[in-house]
Amino acid sequence: MMIGQEIKRGIIDENPILVLALGLCPSLAVSTSVQNGFGMGMAATFVLTCSNVIISLLRKVIPDKVRIPCFIVIIAMFVTIVQLVLKAYLPALDKQLGIFVPLIVVNCIILGRAEAYASRNNVFKSLIDGLVMGVGFTFALCILSVIREILGSNKLLGFKFVPGFQPMTVFILAPGGFFTIAFVMGVVRYIGNRKRGVRR
Amino acid sequence: MMNPISLIEISIGAIFINNFVLSRFLGLCPFFGVSKKVSSAAGMGMAVIFVMTIASSFSWVIFNYILHPYHIEYLRTIVFILVIAGLVQLVEMALQKYSPTLYESLGIFLPLITTNCAVLGVAIINTDLNQTTGSPYTFIESLLNGIMSGVGFSLALLLMAGIREKTEFSPVPKALEGLPIAFITAGLMALAFLGFSGLNFFPAVGG
Amino acid sequence: MIDQLKMIVVLTLISCVAALLIAFTNAKTKDRIARQRVVVQQEALLQIMPAGVTVAENKAPLSSANDTLTYWTGVAGSDTVYAFKVATRGYSSTINYMICTTAEGVITGMAVMEQNETPGLGARVQEVLSKRLIWNGLGGPKEKTASWFSEQFKGISINQPIAIDKTAGEWHGLDEKGRRRLKDKNGITAITGSTISTRAITNGLSTRAKTYLKAIRG
Amino acid sequence: MPIELLYPVIVVGSVGLFFGVGLAIASKKLQVYVNPRIAQILGLLPGANCGACGYPGCSGFAKAVAEGKTEASGSVCVPGGSKIAHAIADILGITADAVEPMMAVVHCNGGSDKALERSRYEGITDCHAAILIGNGSKICQDGCLGLGSCVRVCPFNAIHVTKEGVAVVDADKCTGCGKCVKVCPRKIISLIPKVHKIFLACSNHDRGAKVKKYCSVGCTACSLCVKATPSGAIIMENNLPVLDYAKEENFIPAAYKCPSRCFTDLVKTRSKANIDTKCNGCTACVAVCPVPGVISGEKDQRHVIDKDKCIGCGICLNACPLHAISMWGVGPLVKTTAGKR
């Protein structure tokens, strides 16, 4: 079914974080706990989908020279709306995500997909692509946050995970983020190589 | 009124303590993209410093003279990013026209910088409260913070490019070639920069 | 010339529409955000003030830094308690916390409002120990225990020097006798591995809090 | 209420206007000639400016591709993938992957355990020096001296001398730069396409029993390998088989047939052939199979392949009229024209 195949493309073949290596800034900083990761993933998916739709609607109207500023204004509009809604209804999550909510604007995925995909395809395809990329982003983010939360603070979703295990706080700090994403990317590549090896 | 202590603290802080790339995770996409060759890394570093300076000065002026008095601070995201995008595109065109040589080495990085989280990051951080003195940034402080964050970014970028050029020929396991090994290198560098986190010059400043 | 014009019109139009939408959402959410901030404030006050006090907010001039200090008074029967915010510079960030003391300077409650010290070390000033493991934690009601680090400040006086006892282990691990011995010494236990943050808070108490209390009581 | 909405609209609107006008003037006044092909290529690129190609953003990459500095393959522009590779190739008129990756191989396998020495060389450990003193210490005048001139010159340390004193190339690390080919005094290193995994590991020009006397793995020019490859991809020249890698041939049968094991096969485990249920026992495959006793079964009954004996040459695939045979297991794709009806 087309949708199933698209989602597989988004999560595995063209996963924004693990394969295209876009949107790294928020994924490393926010993936210290699953709630943050999921929250950021949802916010990014919302912004990505809406901006993809609007941009593909306006793609004929926007002249090429002012392409980037227009896209950025549309994306920034959605991000600010998400920011206000988060501040009003989910203050705890907003405090956790901190500076990374406004930074969704310059998150390379959104402008990347807007330029690469939305400005060239019709509305329906852009909507699907926005959703699929968002799901891929959230999926990868959750993987990273689960690993970092368990190893880094011996918690999962805020609850104590394994009694007596002394957490390695380095995983919560910056180096841990780099190591985790390196490890996950290595595993994904290894599976890819083996699969390609066998199939060929 | 110029408080030299906080100026030093800001500059050292921006380069070492909370280095933009290695401890704040800002500006990673171009950081991993461009750091394959030292030459392009140097060009990118210069461009980032230049853009961060004009971005932080413009954003400070706009925030304190337009957004703050009219209590529309919530617009800062959209206004800042619009200003940065517009500025960068204008500067790129000007450079392309008037100094092709400079454009050759510096200009091609400019469109890359508009989607750089570090530039918008520094603009937004400048409008928050200053960590050390607790009062909002003055113009000089925010300008300095912009320049020094750019220097911090370029420092990390050059270090990274140097190392990555070496890892090109080292026996890296097949699955880890390319980006994963770059991340591990960045992780090790972040570990080293972690050592700076406790550094502060005048503990009594806050007390 | 036409496409130049088109550029200007399109960019300006999009900016205006975007601004309009944002302003609209802001208008909708503005009061809620303001209310959120007040709710957080009230919650903190409730936590540190002794029960059954009527809370009133007022200001007192601060002679030294020529600005005014906002503080809250809690009146219960004869004695009144004063609550105010204190900011101090920790290991890698500014720690904001609120304390509530009696007139003589004995702390009745303390809560750390905001900090971003190193996670796992300095950040444990806000740590809430939940004993339950994940599998039995998912179902149960939200555990409402205060952070052990703030609990230990109850009964400490800010007018005398506050001792930091690093040898006795952490407060939540001590038995009744250990805790009473600490109280007599007007001492608290430090968080293992982050004495800078602990000392930052006690310094804040013995320096700033004392001057604030003096300013309040005039 | 409306004032609340007006301020933001005015502020953002005026910033937008300011930059709209600025960009409009700039696009007019600051017109600069740009090679149109760069713009064309840029249009195709994903525009994510992610820098994964190592170039500063997509415009940098487009410029490099337009000037032919780099190829536009899927591996370079990760987000674009192979889709854009072909599209860009059409613009530039070159085939996307015209250049086939090459790899160096050493045409000698005669280590100290296989090839006899006629003298003990104790001079400078360098092949050129050893050649000067009586053309090397080995009886075989064409074999590898194993003193590492090629090792020192290789920038990717992809070539090493084994304990037995023969240079061996590491296929993964070798980028086919050709430095070792130039430096080897005996000229026994050559570049072959990376896809082909079999090469001749001997450069001896003597004939017959003479070679056997001083090297157990030397080529005796018996030309059995030539007969084993009907497509004529191997021809004998000056007592040595020359493999024509351009032809679609995998040389597995030749390597199997060679009596003194001169061919080296880089692939450790080959994928094996397997006959499925469609087989009607016409024994077309038994006729072409170079290895006796691999395919067994009665006439008009389904035949079975002995997985241990099968060398994975793929000839039976082409010979089978019902296409009942397929390759199973790990190992690179095996292409061959042999056995085609």
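Letters A, B, C and D mark the chains as written, and numbering starts fresh at 1 in each.
As a working rule, contacts are C-beta pairs under 8 Å (C-beta built on N, C-alpha and C of every residue); 3 or more make two chains touch, one makes a residue touch a chain.
None of the values given here were measured: they were computed from a predicted structure.
K.L.:
Find me the chain with the mean Cα position closest to the mean of all the protein Cα atoms on display.
P.N.:
Checking distances from each chain centre to the full centroid gives A.
K.L.:
Taking the mean of the CA coordinates per chain, how far is chain A from chain D in Å?
P.N.:
Roughly 37 Å separates the two chain centres.
K.L.:
Quick check: how many Å separate the C-alpha centres of chain A and chain C?
P.N.:
32
K.L.:
Distance between chain A and chain B based on Cα centroids, please, to the nearest Å.
P.N.:
Whole-Å distance between the two chain centres: 22.
K.L.:
For chain D, write out the residues touching at least two other chains, lowest number first.
P.N.:
Correct list: 7-8, 11-12, 15-16, 19-20, 23-24, 27, 49-50, 52.
K.L.:
Residues of chain C that contact two or more other chains, please.
P.N.:
Where chain C meets two or more other chains at a single residue, that happens at 7, 10-11, 14-15, 18-19, 22-23, 26, 118.
K.L.:
List, in ascending order, every residue of chain B touching at least 2 other chains.
P.N.:
Residues 29, 32-33, 72, 74-75, 78, 82, 85-86, 89, 111, 115, 174, 179.
K.L.:
What's the contact topology between the chains, one of line, ring, star, complete, other?
P.N.:
Contact map by chain: complete.
K.L.:
Over in the complex, which chain D residues touch chain A? Could you list them?
P.N.:
12, 16, 19-20, 23-24, 27, 45-50, 52, 78-79, 81, 330, 332-333
K.L.:
Report the residues of chain D in contact with chain B in the complex, numbered from low to high.
P.N.:
Touch residues, chain D against chain B: 7-8, 11-12, 15-16, 18-19, 22-23, 26-27, 29-30, 32, 49-60, 63, 155-157, 172-173.
K.L.:
For the complex, which residues does chain B have touching chain C?
P.N.:
On the chain B side, the touching residues are 17, 72, 74-75, 78, 82, 131-132, 134, 197-198, 200, 203, 205-207.
K.L.:
With touch defined as at the start, can you tell me which chain C residues reach chain B in the complex?
P.N.:
15, 18-19, 22-23, 26, 87-89, 91-94, 118, 196, 200, 203-204, 207-208
K.L.:
In their complex, what parts of chain A are in touch with chain D?
P.N.:
Residues 14, 19-22, 65-66, 69, 73, 108, 111-113, 115-117, 197-198, 200.
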